[in-house]
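What follows is a pair of complexes built around subunit A, which joins subunit B in one and subunit C in the other.
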Partner chain A sequence: MKDLVEKKAANEVETEEGSITIEIVYRGIFQKTLAQRIARSIVLAARKRGHTGTAFGRYGDSPERNGVPAKYFAVVAINELELESSMAKYEPAVVDVSIVVDDTLVKGVESWAWYGRQPIWKPVRSDGFVVVTSEKTPDEVLAQTDAAERPYTLAVVPGLASFAGLWVFKDDHTDYRVLGALARLVPDWVRLEDVQALIREQTKEGSAADSAQHGFDATVVRAVAPGEGTSGHEVLQFDKPGWTTMRPGIIVDARKPGERNPYYKKYGARTLRPVVNFDTCIKCTMCWLDCPDECFEVTAEGHYEVVYEACIGCGICAAVCPVKDCIVMVDEMKFTDNKDTWALWKSDHDAYNRWFEEMAGVPADPKGVAARAADAPVGTPTVSHDAASGGDD
Partner chain B sequence: MAIEPLASTTPQDLPQIKGVKDVPYDELFVSGHRTCQGCESALVMRHMVKASGPRTIVLGSTGCMYVANTTYYTTPWVVPWMHTQLGASGAAALGTAAGLKVLMRKGKLKDEKINVIAFCGDGGGADMGLGAISATLTHKDYDCLVLLYDNESYANTDIQLSSQTPYGAVTTFSPTGSEKRLMHTRWKKNMPGMMATGHPESRYIAAGCAAYAVDLMNKIRRALELGGPTFVHTLDPCPKGWDYHPQYSQELGHLAVETGIWTLYEVIDGVCNLTGPTRQIAEGRKKRKPVYEYLKRQGRFSHFADEDVEHFQATVDKMWEEWLIPGVIPFTIPQKDAGLLRIDKRAKPLHAEAKTA
Partner chain C sequence: MTTITSDIPRHGAPENANEVETEQLATGCEAIAEAIRLADVDVMAAYPIRPYDGVMQAAAKLIANGKMDVEYIVADGEHSQFEIVKHACAVGSRVFVGSSGVGWFYAFEAIAVTAGLRLPVVAICGNRALDDPGAFGCEHNDALAVRDLGWLLCWAETAQESLDFALTAWKVGEDKRVSLPVAIGLDGAFLTHSQQIVMIPTQAAVNSFLPKFDLGDRLLHPDNPITIAPQVDQDWLMEIRMQNDQAMRNALGVITEAHTEFKRLFGRGGDNPFLDEFMTDDAEIVFLGQGTLSLPMKVAIRRLRKQGHKVGLVRLKWFRPFPTADIVRSLSRFKAVGVIDRDYSFGSPYYGGVLYNEIRSALYSAPKRPVVVGFIAALGGREIEQPMAMEMFEKTMAAASGELTSGDVCHWIGVRK
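Up next is the complex of A and B:
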């Protein structure tokens, strides 16, 4: 077992040529059906050419939580024997392709405390593929991805992250586009004609097969060399005591008063983060009071600053805040760290407000804007920057 | 092994909280738990220990708040916490309270007040643990609180039907289909009302919601302050099972109360006080919102036809227009017996002193 763990860490375990293992990394609950559909379709398409395969979720992800990263797998093999030899695993240690259906997941995957935060390419074999659905360019995606240890190919499938609930599926063709992209990257295992034939069986919607073609054509590919990527992410790994080294009764020490859980931070569950305008904050306490993840800390002035290491981006604070645009939820990909922003506001108001406007896309000083509007002649643009340029575009 | 002293030795003093500015800052349930985005039950846990203070032992029966909060190093608890079996929250609360009492009597523990709180979900409490909770509430010599956090399904195992699942809602066990639109047509069991009417010796039974945080914290405090076996039931919007965007958890909590679907009240020594907006609705100072406002925001009701909404509305109307105590006691008495009704003249509106948020 220990050998396997070490080999797993070094990714020395060779994948069998008679099979291919593909993982889908997704947001728990929100993309559960999407991941399941992609994995199943890979296997069904492979069967059309006489291959065999299986699709399965990672048992350890259950129970899934909204937003917390989870994994689904598809293993395709040339015959039953090869499939069985690739299948006798709880979780494939090495995969050939990792499909990431939300680009904010490239910042790292922290599914449980014992995994720590893992780089998105962690299980991908040397010269394997990381496929990301994103509106961003490969370089922009790579800038938020941990520096590579092995060469791999980054492929960006155009499209926004597709989120839905437990009971619904958002049929925006993300699955078809991803299958098309796979046909381009691993044609020996997934063929476009098989994918399109499968889609035509599954749906009468003519544009669905076109979406697969679009995924095939529009996917942008970039080779990633070792060392490329960012070194700015936190290393979040800890020594895990086994049951024999734990305290009697398998007691886990409680958190100390004032401490946060250092082993599991959960910010990897975040796709949007709250940005606070401290100038318009009325110190009403609602964000702090209603936060299910205790991520606000009160400052000496009575403001509530967000501890981004603890924030999972649910958006309750923005929803309960009584002041318009005081807390704005912003695309996580716009940020490169979890730094304390209140300190910047404290030391340099103007710099902070410029930063706030750039991130949030709304004026930091609405009163000032209103006052200027009152003075200005009718029809004059009152907001100096382009307020509409914020958000995700 | 010697029993180690707890981190803090703050004396037990749990006055009613006057408003949001009066809520204690100390966090005893900290960040780093593996709950969903927008998890209202996690907020209940946080408010529960915030209200009870550091001299508290928490026991958790199986459910989301066990699995998400304590699985191998995802623990957020600052106070001592122990797992107990799925239907055992009542028994664990009583046993722990009795154990502490004996240790103190024998001089093995300092004689002081230590709060014992056992929590359970709606599956663990209103289904499996009902008998044990009921038994616990009759043991009046032991001080313990059972808190039932109700997210209206077995949410931990991906949303199976419980006795607290509302009429018509989609769960894994009650999917909607073309042949049969509604697979679940039973009305939600009136858990706090049942506990209140069935256990006259329990000094405190309450129903709350974390969307009304101060009201909830005060209910926890009053339960612990009055002592004996007590029970608090909270309604927790669940983005995973109710199928809505996590940011609307508070809004749905407010709507559940404002539409009259969920009632906020407390029964202190046999006297029922309606609290928060529930009181305003009962007094006619606030108009009940249509239940559709609440239903339409949740994917689990998205299959509802007009007649389903009408049935839901009619049943909620009945709770308010026909029940003996609106939203609390479901039966009534004939007109000719109206003189039998006893009104407690001593009871003062205890919540007059504590403004709700």
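Up next is the complex of A and C:
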């Protein structure tokens, strides 16, 4: 840890002198082309004033997986010599600017391998910038961001997260707006006129250059002091073993069937999460069967509750559920933890249903089912816990 | 008769109290098959290629005659063959496999991962020239290709040593301090297909030498849930490589222990586990080589001794781990060393063979260094004839007296112009 701090300190001096390092944090596959375009445009715009640069994706992110946080980098330097200190790297330890192209990523990201959930600002230098594309206000974004350890500037670029597939690109001008915002935040490195000149070369659309101007004008900026943000997120760290402490034979602990691996956290990939209406659930098992990540646990009553730490928010459960509005996919930014919700339903139906309606935006009791369910005998499980968690018999 | 003094609990194949050590006229491959029987191997995988396939046939015969109980799997090719034993080993089976020449190379992905996974697979490489051109004769380049991967690698001289090395290979490879695969080089034709007198030890003696294979908490089993070889990339791999490096260092000591115990139980194995010296006590120059080329060289040395020349032979038994200290200690005594490579390493330093450059490298920091001359000889299974041995002797003598310059350090022997 001490080494890392020293390394960071050394890098800070370098970045302030002759180069700037910008990372783009994005959702794997869906936003790859977007991140690549932003990084390349930063370098190509800088060429217009004689600067040089490099752009690269984090090598270990490939092959990318749907929604799993990934990173792309752009480094601009005044000359080749200054650029050398940023070359031949997988991932810069310190960045001046972190661009987050989906606001749910501010809840923390994983590195390519699982080394714990890391605050979104983790590599950002003191007095650096976190740029988030979001329809929310800076305060709302900050409320889901880990409490700051050092001051930075939060900038919100108006717009929804731009999602498309691997082979297509959603040309909604997100990249142009982000480039415009950068021109406002780090004008010494990214100039609006260079960005707009580049855009005019690349596209015949006049509106694209206007989008850069819009990003420049409409970006909302807020200074963040140390301590500001939430301390509610799970703290997850992982120490890498040394050659004397590793098990020989490239072996890591696994789990017996039916046990959950405490290291297997996938929620960093989530933009939407399923919320379940236990009153309208008909216990058909479809969500439990079709979930690709085995997220559902069977309750004593035979309901299926979501283990949110394991859920990537793919939405398959909601798609296969035969009951309307029984499983509803809800914006991840509305939630502050990964706790199971079934316990609340069990202890207080009314409180749970109010919460469900607030989150899901649909009625909890469309046909008075809850009232009938409340009359039903309690404590007669229809599916035994053991049998259900045991496998596919 | 050997007296059994080990107190290791009985295991392995059933013993017979009346069994005695027997003598057989057997090829190197048949001797290996006897070792497979005696070691109570659980799984062997086979795919035919000459000369390794002699083991296939000999093992199949033992099974057909009801003398051996082993899961004998004929694969669809060498890659599958080596993968089968790798996986069988991971679930706790003692395993055997082998191949030759380009067949060995076809298995290479599996060969590489087996060392990475620290699975003590025992393999023979029936040495054969690499195609093209098609040739059956012996060259060492096939087995030498594993030299950097974490495989232990030794070369046998006789059918007896083939059997002895195989038993030692399971003992050393399966030792938890090592846990690495072991390859045994058997010179094609001269050893794999030539019958010699071999002493076959009793099952009781072998059972006392070879402990039961136990992977411990590395066993792949539903009661021991583990993940083997997840993707790691740059931030774990160097530590994993370091573990292999340490295991290979440990192997030197474990081989020495096994050699001592083997000698005690079976009365064979020579003075040094790594080197076999012949007429070196007062020698001024020596030849150094691996495998069966020691046999014609010994003939030459006896003739040269009759003429009054102080010449000897050092046969290297283990190539990996390389016995650097033993090599330095041994070779520092001589004026000149003629290294005979039955391999090639095109474009290498001084255009020498693999063994030549290893020997030179080992001697670099030695306080007293002999002159080292390299000979590429007997490729493609060509015999070492006495005129070739005399030519090598003359060149080594010239080097010892300082007549050869550094540009002359490597020579091809017995090549038509």
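FYI, the second predicted complex is superposed on the first by the 340 of 393 C-alpha atoms of A that agree within 3 Å, B and C clash if a C-alpha of one lies under 4 Å from a C-alpha of the other, contacts with A are read in each partner's own complex, and residues count from 1 in each chain.
As a working rule, a residue touches a chain if its C-beta (ideal position, glycine included) is under 8 Å from a C-beta of that chain, and two chains touch if they have at least 3 such contacts.
What you see is a predicted model; the values in this text were computed from it and never measured.
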Does the superposition put A:68 against subunit B (first), subunit C (second), both, or neither? first
Contacts of A:263 with subunit B and subunit C, given as first, second, both or neither:
first
| message | On the A-aligned overlay, A:340 touches which partner chain: subunit B = first, subunit C = second, or both, or neither? | response | neither
| message | Applying the document's definition of touch, where does A:240 land relative to subunit B and subunit C: first, second, both, or neither? | response | both
Of subunit B and subunit C, the partner touching more residues of subunit A is B
> Just subunit B (first), just subunit C (second), both, or neither: which does A:205 touch?
Replying inline: neither
Margin query: Quick one: is A:90 in contact with subunit B, with subunit C, with both, or with neither? Answer first, second, both or neither.
Written below: second
Review point. Touching A:250, do we find subunit B (first), subunit C (second), both, or neither?
Key: second
Note: overlapping subunit A surface for subunit B and subunit C spans 112-113, 240, 248, 252, 254-257
Residue set of subunit B touching subunit A in the complex reads 1, 7-8, 20-21, 23, 25-40, 42-43, 46, 54, 64, 67-68, 70-81, 156-159, 170, 210-211, 213, 239-241, 243-251, 299-300, 302, 357
Within their complex, subunit A touches subunit C through residues 60, 90, 112-113, 240-243, 246-257
Note: in the complex, subunit A contacts subunit B through residues 28-29, 62-68, 112-114, 165-168, 238, 240, 248, 252, 254-266, 269, 284-286, 289-295, 298, 307, 309-310, 312-316, 318-320, 329
Per the touch rule above, subunit C residues touching subunit A in the complex are 116-119, 179, 217-218, 222-223, 225-236, 239-240, 242-243, 246-247
